[in-house]
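Below you'll find the structures, each written out as structure tokens.
Each of the next two complexes has chain A plus one more chain, namely chain B in the first and chain C in the second.
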Partner chain A sequence: MTTPAPGTPAPDTTAAPGGEPRDGGPSPGARVLGWARRIVLSTPVLAIGGALVLTTLVMLAVGVDPSLAYPALLRGALADGNLEYTIAAFVPTLGMALAFAIPLRACEFNLGGDGQMAIGGVTAAAIALHLPMVAGVAVVLPLAAAALAGGLVAGLSAPLRTRLGIPAIVTTLLISTPAVAFASYLVRFPLGEQGTGIAQTPPLPDATHLPALAGSSYVTIGLPLIALLTVAWLYADSRTVLGYEIRATGQNRDFARYGGVAVNRLAAVTLAGGGAFAGLVGALIVLGPPYRYVDGALTAPGYTFTAVAAVLLATARPIAVPFAVALLTVLQVGGQGMEREAGVPSQLTQIVQGLIIVIVAVFATVRHLRARRGAGA
Partner chain B sequence: MNIFEASFLAAVLTATTPVVLAALGGLICQVAGVFNIALEGQLLWGAFTAVVFSHLTGSAWAGVVGAMIVTLVYAAVLSLASVTFRADPIVVAVGTNLLALGLTAFLMRQIFGSGGTYSSPDLAGLPTLAELGLDVPVLGSQSPLVLLAFVLVAVVGWWLRRTRSGLRLRGIGQHQAAAAALGLKVGGYRHGVVLAAGALCGLAGAQLALGNVTLFSEGMSAGRGWVAVVAVMLGGVLPWRVLLACLLFGVAEAVGFRLQGVGLPQQAADSAPYVITLFALILAGVAARRRPKEIS
Partner chain C sequence: MSVAATGDGSAAPAAELVGVTKRFGPVLANDGIDLAVARGEIHAVVGENGAGKSTLMSVLYGLHRPDAGHVLRDGKRIRLRSPADAIAHGLGMVHQRFRLFPELTVAENVVLGAEPVHRGAVDRAAARRAVEELGERYGLRADPAAQVGTLPVGVRQRVEILRALYRGAEVLILDEPTSVLTPGEATRLFEVLRTVTATGASVLLVTHKLSEVLTAGDRVTVLRQGRVTGRFDTAGTTAAELVQAMIGRTLGSAGPARSTTGPREAAYALEVRDLSLSDRDGVARLSGVSFGVRPGEIVGIAGVAGSGQRELIDAVTGLNVPGPRDSGQVLLGDAPVRRGRDPEVAYVPEDRHGRGTASEMSLAENLLMGDQRRPGSHTGRLGLSRAAVRARARDLVERFSISAASVDVPIGALSGGNAQKAVLARELSRRTPVIVVEEPTQGVDVGAQERIHALLAEARDRGQAVLVQSSELSELRALSDRILVMFEGRVVAEFSGDEATEALLGQAMTGATTGATTGATPEATPEATPGATPVATSGDPA
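Showing the complex of A and B:
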């Protein structure tokens, strides 16, 4: 890798307002205009805009009317009955975003979220079904075990990366396929509900159900839990020694090593940490409605890659991750509404996500090169 | 189970061929110093376009050529972004892989009217070598692309070793700045290999969708592009070693398929190729660690 990944922490450039004299006291109007310019021309806005333009072209090329599709998409995500569902989908997507973002800060790619999530989910289901549950820890234990299991699955990639030099992007993906298959085997046979012919576990005992938030049937305490953990990550990333060392490793591995950072240990910590979030997401899905592990229900909605697109869209600003996740969740959930209402295949949202990633990658480097050229001149 | 049975060897060849073709694309990129992980998406895209062109024209060969051309054009996204705009090829490839998954599933519904799997008696598959007059055991049941894949392994090996452009390509991979200083157009060579890898993935996809079977199903590349990436990591820049790595995958898939017939769960059979590929990667890594470091 010769060019820095756009996900790696960029030098903090936010301190310099774009092109404005610092102490000249520009008129408020000019300042607002300057901010507007900076926002409109920022990489994420350009990437979303570009992706939507290209997607519209795809729609027109195959004879879909965008003026029907886009409103249907928005209604599908934000209309009264659907908003709750969008919020429910936001939780796993944000969790998977952390699963990808945490290792990415150390420049490790974790694309094996599906496998880590499936193993986490099946672990949670197995514990909820087969361990006698004490009230109180009945929810906590499966969640913790799932996080541990997801962390272990992702952690397998760490020694392969640090001792054998095999990129994590390859090993996480290669481990993911068998991991998903293994979870699928478990819910079909040893853990499966007998006599139904459907690949799912029996309903989990009531004590292990995640409490729903007041007045909602889909949104559980998973939402505040993930929100809390996200805040903890944001704090750890920007304000702690560990976060600093991770960022230093991501920016320049050799320099960090020279500075005394245990870079190999950090690779393991970040990969396992990311995997723990993926495992936790698996448990949150399984312990939430419909309160069982249904084969394919974890991986089919595509949380993992929606999250990857969101994290890359956030262009190395951790604070932007929740917002990017919210945006892409709206797109993803809205896509299903669009399919129901306007008959446009929901895979359209995958196209938008792919385009966003490509465009962000291009803009991030072009800007980086231009900034370097500007600095050199 | 007799592993020297003709039908078993045929199954190995069938499973190996798409991976070998994609891996050759990855190999030439590797030689030029480009880490190409976009093979998975391009393989899928090749399979889809092969079926679309075969469906539209009624000719399997039109499907093959169409898949090569369209996938080459698709690879131009990667080549433009990563070579011209110097974007991170890994991130761009993650994007194009996802894009291929979305586009093929979306267009499938628009063109064939349904998702999941498309197959039809009208869909022209590739002929077997036996039908073309080469009726020999094992190979006879294969498509001509299987033979072509093995020929291409030899051709790429010869090209890299024995020709001027092959030497230059290796030079670019070994020391980009030195190659540029000698006046080589580094960007041009890199564009060339990324696009050629696209065409090879188109060929691989055509073999997968019109040779191995005659259908398209969503996500049918099913990780083969990633296995090809691993094959290149295992084989380095030597085509015959990459071929061996791909054969390992082919054997694993064929054995898994056989064992499924005697009661192995389908999930285990599906995972076998990935688990075995991973173990090969680990063993190769351990072996490389044991070897004394080269003096550089």
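Showing the complex of A and C:
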């Protein structure tokens, strides 16, 4: 206003680079554009899209034809003979996703899934081997005991968090390694199969085998069980007082405490609840084919961290968790098919997964910084 | 109502905002605002909460980029992409919440980020000298070697101002600077600001206290709903004119009437007996506090921030973490207060974002907190019924006239006044025997203030016992039947609502009370020797 308007649009001297005045009026077409933008720019869409673009670039760089690799990946996961494996991997991954997601609702991070799962699995194996089993309920007891054991392992982190102030993200992770090692010891020595030299338990009695679903040799009743528990969790999260209090605790601990919520107890409950799911997954693996605890078989597929990635991808929307798990499981199982068919190392799918996490994390950070800036105003 | 000319008489304004427009989503926070600050003037910016003051200042300080409009400095157009740009252009900001390092000394805090360097190391002597020189020049005395964490709030604020001046600020922006000060400290602050402007610097004072504007400001710009609704010279204007520009209408009479039937005989609904609390480090926070609140009575708590109000209220609501050397009792009727959160006590916390709400949860879910386990209308057959929770929330929204697009919006999207009304609605609707309210109208616009005061008076008239803590003395005087003054963890004086003047309260808040008050608690008077300085009082052990 007070500065004389320069006759020419040419920048005077040094001044500001590209500093022409922007007129901020929103045009009518912009609204439709903005609407479309919100969907396309949502974190999951961008994360998956970005990861696929980068992966494609990697493929091209190493001389792999993406038009062969991607169909091979999909066939590897979803073709007739392979779908069974994908579902068999989906069940433990979904279980582990809940192990991470349940405490996350209260803003507690459970990264100790491996340890909780191993202890759960070894507990199930020990009970199946050494307690006399009544047919019919024989699978129930090891499953319940495994959930309890996993819950206890995760629950250890709760007093460390509430009394000593050590974040659960640290303690769960630190407890996990010795827990896996302890399970490994049990399988090698007290519970191990004598004379084979392989670190595994003897085969479990038939009565304790999880019944397979009709027409399948790999998919057990673990699938409906986990599906049912997932639905129960989704319901509890949105429609119960407990779920409300957990969410409030996660959103603002002081607010929940102010509202009379026993936040420390809730933190313990969610951690133990998450651990129980991990323990249950351990039991589902052990009581399914090949019906024994084989050392390393529980942790080697990396269910725990695939599940963490899936939950992060779901950006804390509970209903999205099963879908994110399905997507990542397809990637993972399909990767092996891709390796067989197109000669692409299956590690490439881990790159995709890693990229997804990185992109989600970048978005979360940016959003956080923006929110802080907004709040500072 | 003389509208001031834009000051084009002699020179260009020190800082000028031209046609600034800033939009946050659907909210038009600033709508074509023009504001010119002349050299050497104290220019006040007033407006209700949500009027756009903070946004405007953020634009001037480089925190927000405007959607339209620009900033001139000494008549030249400047680009502000960050506070660093603003500082480079001689703009300095003193935030409402100080951004100081309590562990560092005054000198270290002042030079932080622009340290004088001597042979590659920070030149501490030069830093101290710089602070002393600046202090001398502007009458801002502060011991350069003192650790900031040990200083009173008023001095910390001086350190903030020194820091801005050290960075070469010629336009100082102060955001609600007196909200943490005693009346005496506030007076001293304005003396300092006068010295600063006498050197040719300018001050932009964001405030909602009209009395300050009229006594300390030269000119005023009034904002309402993102627009300028008035420009005044303070010399020729009155508070009533400012209020009208702020809220677009005139206010009703001076607040709710005090209870006439003071229930002098009734038993205490809330009683605190000889309460002493210490924090985790064993430092005494409350020493021998005793008082009671009867049903149908509002008792106010005054005091400089950090005098023990927070600890007292945490103890009364049952939220405090017990310390190692605690003693005394908090009684609700006959029973001791329940730890965790006593359901018999409604509580409106000062920290609306940190404690009173979860900003990302919906309004309905925020209105439920505290009642979620009480069997009632919000439960369905299988737990929490969403429809019932919403219906309950809609009922509260209507009864307390909270304006929100729906009960499903996150409460963080509501304006300060409406969020506060939501918290009040939640707590008052519970009809508990005792209500504790901290800063009932902080960050709330003038219109909503009236309504909130009326709600508290209604609660009192229903026979609830109300304890109000506020840093607004006028608010306490308008509301309270009795006012207790806290200083360094003690109740040092008690006044009846009628006899409490700002001068008396202000004096008591500094610890220099004379005990010449009718109802002063006996245990408070021995420490409060006439003429005793605050420092002397702080020395004696609990």
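Everything that follows uses one rule, which is that the second predicted complex is superposed on the first by the 317 of 377 C-alpha atoms of A that agree within 3 Å, B and C clash if a C-alpha of one lies under 4 Å from a C-alpha of the other, contacts with A are read in each partner's own complex, and residues count from 1 in each chain.
Keep this in mind: contacts are C-beta pairs under 8 Å (C-beta built on N, C-alpha and C of every residue); 3 or more make two chains touch, one makes a residue touch a chain.
Because the structure is predicted, anything quoted here is derived from the model rather than measured.
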Chain B or chain C, by number of chain A residues touched: B
Partner chain(s) touched by A:F189 [first = chain B, second = chain C, both, neither]: first
Which superposed partner A:T349 touches (first chain B, second chain C, both, neither): first
First (chain B), second (chain C), both or neither touched by A:S216: neither
Chain B and chain C footprints on chain A, overlapping residues: 1, 3
Chain A - residues contacting chain B, complex: 1, 3-7, 58, 62-64, 109, 111, 160, 163-166, 169-171, 173-175, 177-178, 181-182, 184-185, 188-189, 305, 308-309, 312, 345, 347-358, 360-362, 364-366, 369
Chain B to chain A touching residues, read off their complex: 35, 37, 77, 81, 85-88, 90-92, 94-103, 105-107, 109-111, 115, 223, 226, 229-230, 233, 265, 267-268, 270-271, 274-275, 277-278, 281-282, 285-286, 288-289
Complex contacts: residues of chain A adjacent to chain C: 1-3, 16, 19, 21-24, 235-236, 238-241, 243-245, 247-248, 251-252, 254-260, 262, 373-377
Complex contact set, residues of chain C against chain A: 12, 16, 18-19, 21, 23-24, 54-55, 58, 63-64, 67-68, 70, 72, 75-77, 79, 319, 340-341, 343, 347, 349, 351, 353-361, 365, 368-370, 372-373, 380, 382-386
